[in-house]
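Going by the order they are written in, the chains are A, B and C; count residues from 1 in each one.
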Amino acid sequence: MKPILEVKDLNVSFEVYGGEVQAVRGVNFSVGEGEAVAIVGESGSGKSVTAQTIMRLIPTPPGNIKSGSVLFDGQDLLSLSEREMQKVRGNKIGMIFQDPMTSLNPTMTVGAQIIEGLMKHEKLSRSAARTRAIELLSMVGIPNPESRIKQYPHHFSGGMRQRVMIAIALACNPSLLIADEPTTALDVTIQAQILRLMKDLQQKTKTSIILITHDLGIVADVCDRVIVMYAGQIVETGTKWEIFRNPQHPYTKGLLRSLPRLDQRKGEPLVPIFGTPPDLIQPPKGCGFCSRCDEAMRICETDVPAPTSLSDTQTVRCWLQHPLAKSPNMAEGKGASV
Amino acid sequence: MQQEIQANVSGVGPERFEPLKRNSAGSEKVVRKSRTAWQDIRHRLTTNKLAMFGLILMVVIALFAIFAPLFSHYNYFANDLDNVSAAPSFTHWFGTDDLGRDMYVRTWKGAQVSLFVGLVAALIDLVIGIVYGGIMGYFGGKVDEIMNRFAEILYAIPYLLVVILLLVIMPPSLTTIIVAMSITGWINMAWIVRGEIMRLKNQEYALASKALGAGSMRIIFRHLIPNAMGPILVTLTLTVPSAMFTEAFLSFLGLGVQSPVASWGTMINDGVKAMTVYPWRVLFPALFLSLTMFAFNVFGDGLRDAFDPKLKQ
Amino acid sequence: MVRYILNKFIFMFLSLFLLITATFALMNAVPGSPLQSEKATTEQIQQNMKEYYGLDKPVIVQYGVYLKKLAHFDLGISMKKRFQSVNKAITRSFGYSFRLGIVSIITSVVAGCVLGIIAALYHRKFLDNLAMILAVLGLAVPSVVLAPLLQYLFSVKVRWFPVTGLTHPIDYVLPTIALSSVSIAFIARLIRSSMIESLNAEYIKTAKSKGLAGHVIVWKHALRNSILPVVTYLGYLIANVITGSVIIEQIFGIPGMGQFFVSCVIDRDYPMIMGTTIFYAVLLVASRFLADIIYVLVDPRMRASAGKAVK
């Protein structure tokens, strides 16, 4: 699969009162054409910052893209001028945000908000853009698009607004759609509908998707591949089968254990991950997850593990993959005898 | 990216792969010391240079207002007829007015009047506003609707007209000015308190207190008012300069305090008439009125930013 | 919507009625006859005058008569300036205040918006700090101080502008600055904070993610949402201008209503005071009513809630 997006060694930090938060620390990943990739992690793991950096939506200052590149169609988005970037946003990359209640402009009609992008990128006339907007609304499953187009966002329910957001994001047939927690603010039943819609549209339009979420549960429906982020770093990547069936990183395992399963025995408790993520103003010297890891070793406190490839698709960053950690006497917990 | 495991990274020996021993509470420990909300507010306030400047200015002006008239060998109503409308000099630091009264003492006497009016008016607003707004916000429903209607009608009546009308029927004095200002002045405070209480009363701790059987008054005064303190304090600080302005305004028009009592407003009025010849007679009261209002305004702004950092970001 | 406007209208009327009643009550609460200060009058003349002003009748009847006259827009007759009607006095002086007021309101809104937008766009940069220092000074230096200062500097010292009067366009410059400085400062701060809030709103991110240019985002998306608070401020703006005009007209020697009002108060000319008070009140309450309606028209969300209040 030819990659449409390649993120290389991305480092992003934010100036805050109290210091500099290193929100993204050396992130590398790629998204293939027509592929759907999920970035999973808890809040503060850097997943949203990564997404917004791709779109160059990070306000600078306080944000600061310290190093790295974002290659989209072979072009480094981070080196584009603002004007060139505007031609990419909404045109080649579309984006959906978390809270549909606030992500639409309350003082503009829904139609006007869809038409804007079309007129800018596709150079459509107002009436042509209007026709297209009506098509888009019916495509995302909004009934009576002809009359709905003249209404304001407050006339729409949360789920309907998110459909409008999808219509806006897909208006110019982008080759990549970034969905930043698109269902977090929605009811569970609506969540499923929105995810189904995204999946259907993806199959129809062959758009690549980056789905950002903290909920591993919704990933399986939509995505082919999963990237797990923790404390600003990618800790594990793999196909969704690898991640669900054979998770290697203790954090990924923990995420899966905290998720209810159908085959769970009755009365079997869900296991939470104890503790809180590290403070990224003073990131830990070693592995970010060390302080919450049940299997932590002395090296985890002092050195950052390098990525280990387990298959063509699965990579994990954990010292447990080190041969020395796998020696039998270690497993017994006795410590290595010299 | 596809690195092989570096088995011989410097210093990586088998002993380093021993399980980490730590107490069970380790993962819960807080990495960085965190500040309480009040410490945060204080930090934001004390690092705001302009606000601190305002605070210092306020204190200095208040100290001068209290002590300068005591330690001067002039008093504010004694005439020095040899030195009428004298320019600032070593004998009369700020010069004298048309009746030969020492401007330095009169300026600080004026500060007393100004600060007194400002503070008393703000305190009256505070008390009425908290009681009225607290009741409106806490009880809600019909009580709120009726009380709110009343406040709205009162609010629609232009403030200055009320003040001037009252001055027509009451003798011009400080009391009249303060009473007049308090008639409509509290409404703003009441609305702020009401809004805060409405926001806070449905939060967990108020509900919990209610569930434990605390009475309405206890919940309002022990739980809700303290948590609504931020906006209340800010409004209080910003009420002071507006009350001071009103006093100066009325005194300027001759509707405020009467001679020989000094007020910045009356002094400016006197000074303006002779501005072309004796500019210092208007300069000092005008300067200190502006400085005081400036101080209260910037301190109030700083306080607001400290309580609501969203606005400053 | 219609119901909302009607509601506001009734409300406006109620406030006015209350104010008129209160004014009337206050004026009648003054001890002694309002005519007592008239010198050298015989019993007979006093009696005649009382009859002329209707003061011989019971208070409640006087009140009724006053309301009836008001309904015909008749504000009564002065007690000090013999046989002059209040209406005439107001029309004569209001022209000046009106012209100055309009110029000041426009200046306040335009300058305030420009300053506020600049500050928000250059948030935390030099221009923002400069604009906000100007705004704080605008709030801190009251018109009582600013007006004489301007007059001293620009009329007395450098003689660029005339000291008093309001006939030529150039006469407007200083009074307008003095009258609008507080409102400019207020609007600038209002616009700045609401603009900063809008610029940080999620829908601005959406607009950016559509690839819109910066100026489109600022003018079409952010400003539209930031301008709303200014509309609510319009009522207070007019109140500010009226209050300020009392001082400004005094200092710049403009024979407007503010000066007229103060002279009535000092003369204790009760019909005049009542007349001007009521005139001011109508002006203010009506402008607030207007602001309420404009607000609903500008903000579609308000239109919806106003519509809901009907059902």
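Note that a residue touches a chain if its C-beta (ideal position, glycine included) is under 8 Å from a C-beta of that chain, and two chains touch if they have at least 3 such contacts.
Predicted model, so just to flag it, every value in this text is computed and none were measured.
Every chain gets a centre from its CA atoms, and the centre nearest the mean of all protein CA atoms is that of B. Farthest from subunit A in terms of Cα centroid separation is C.
Rounded to whole angstrom units, the spacing between the C-alpha centres of subunit B and subunit C is 25. In terms of their C-alpha centroids, the spacing between subunit A and subunit C amounts to 54 Å. Distance from the subunit A centre to the subunit B centre is 46 Å, each centre being the mean of its Cα atoms. Looking at subunit C, no residue sits in touch with two or more other chains. In subunit A, no position touches at least two other chains. For subunit B in complex with subunit C, the touching residues are 152-153, 156-161, 164-169, 241, 245, 248-249, 252-255, 265, 268, 271-272, 275-276, 279, 282, 286, 289-291, 293-294, 297-298, 301, 310-311, 313. Against subunit A, in their complex, subunit B makes its touches with residues 1-3, 5-7, 9, 12, 14-20, 26-28, 31-32.
Contact residues on subunit C toward subunit A in their complex (touch as defined above): 201-203, 205-214, 216, 220-221, 224-225, 298-301, 304.
Residue ranges of subunit A in contact with subunit B, taken from their complex: 28, 274-276, 278-279, 281-282, 290-292, 295-303, 306-309, 315, 319, 321-325, 327, 330, 333, 335-336, 338.
Residues 55, 57, 82-83, 85-91, 94-95, 97, 99, 102-108, 113, 116-117, 120-121, 152, 154-155, 165, 168-169, 171 of subunit A touch subunit C in their complex.
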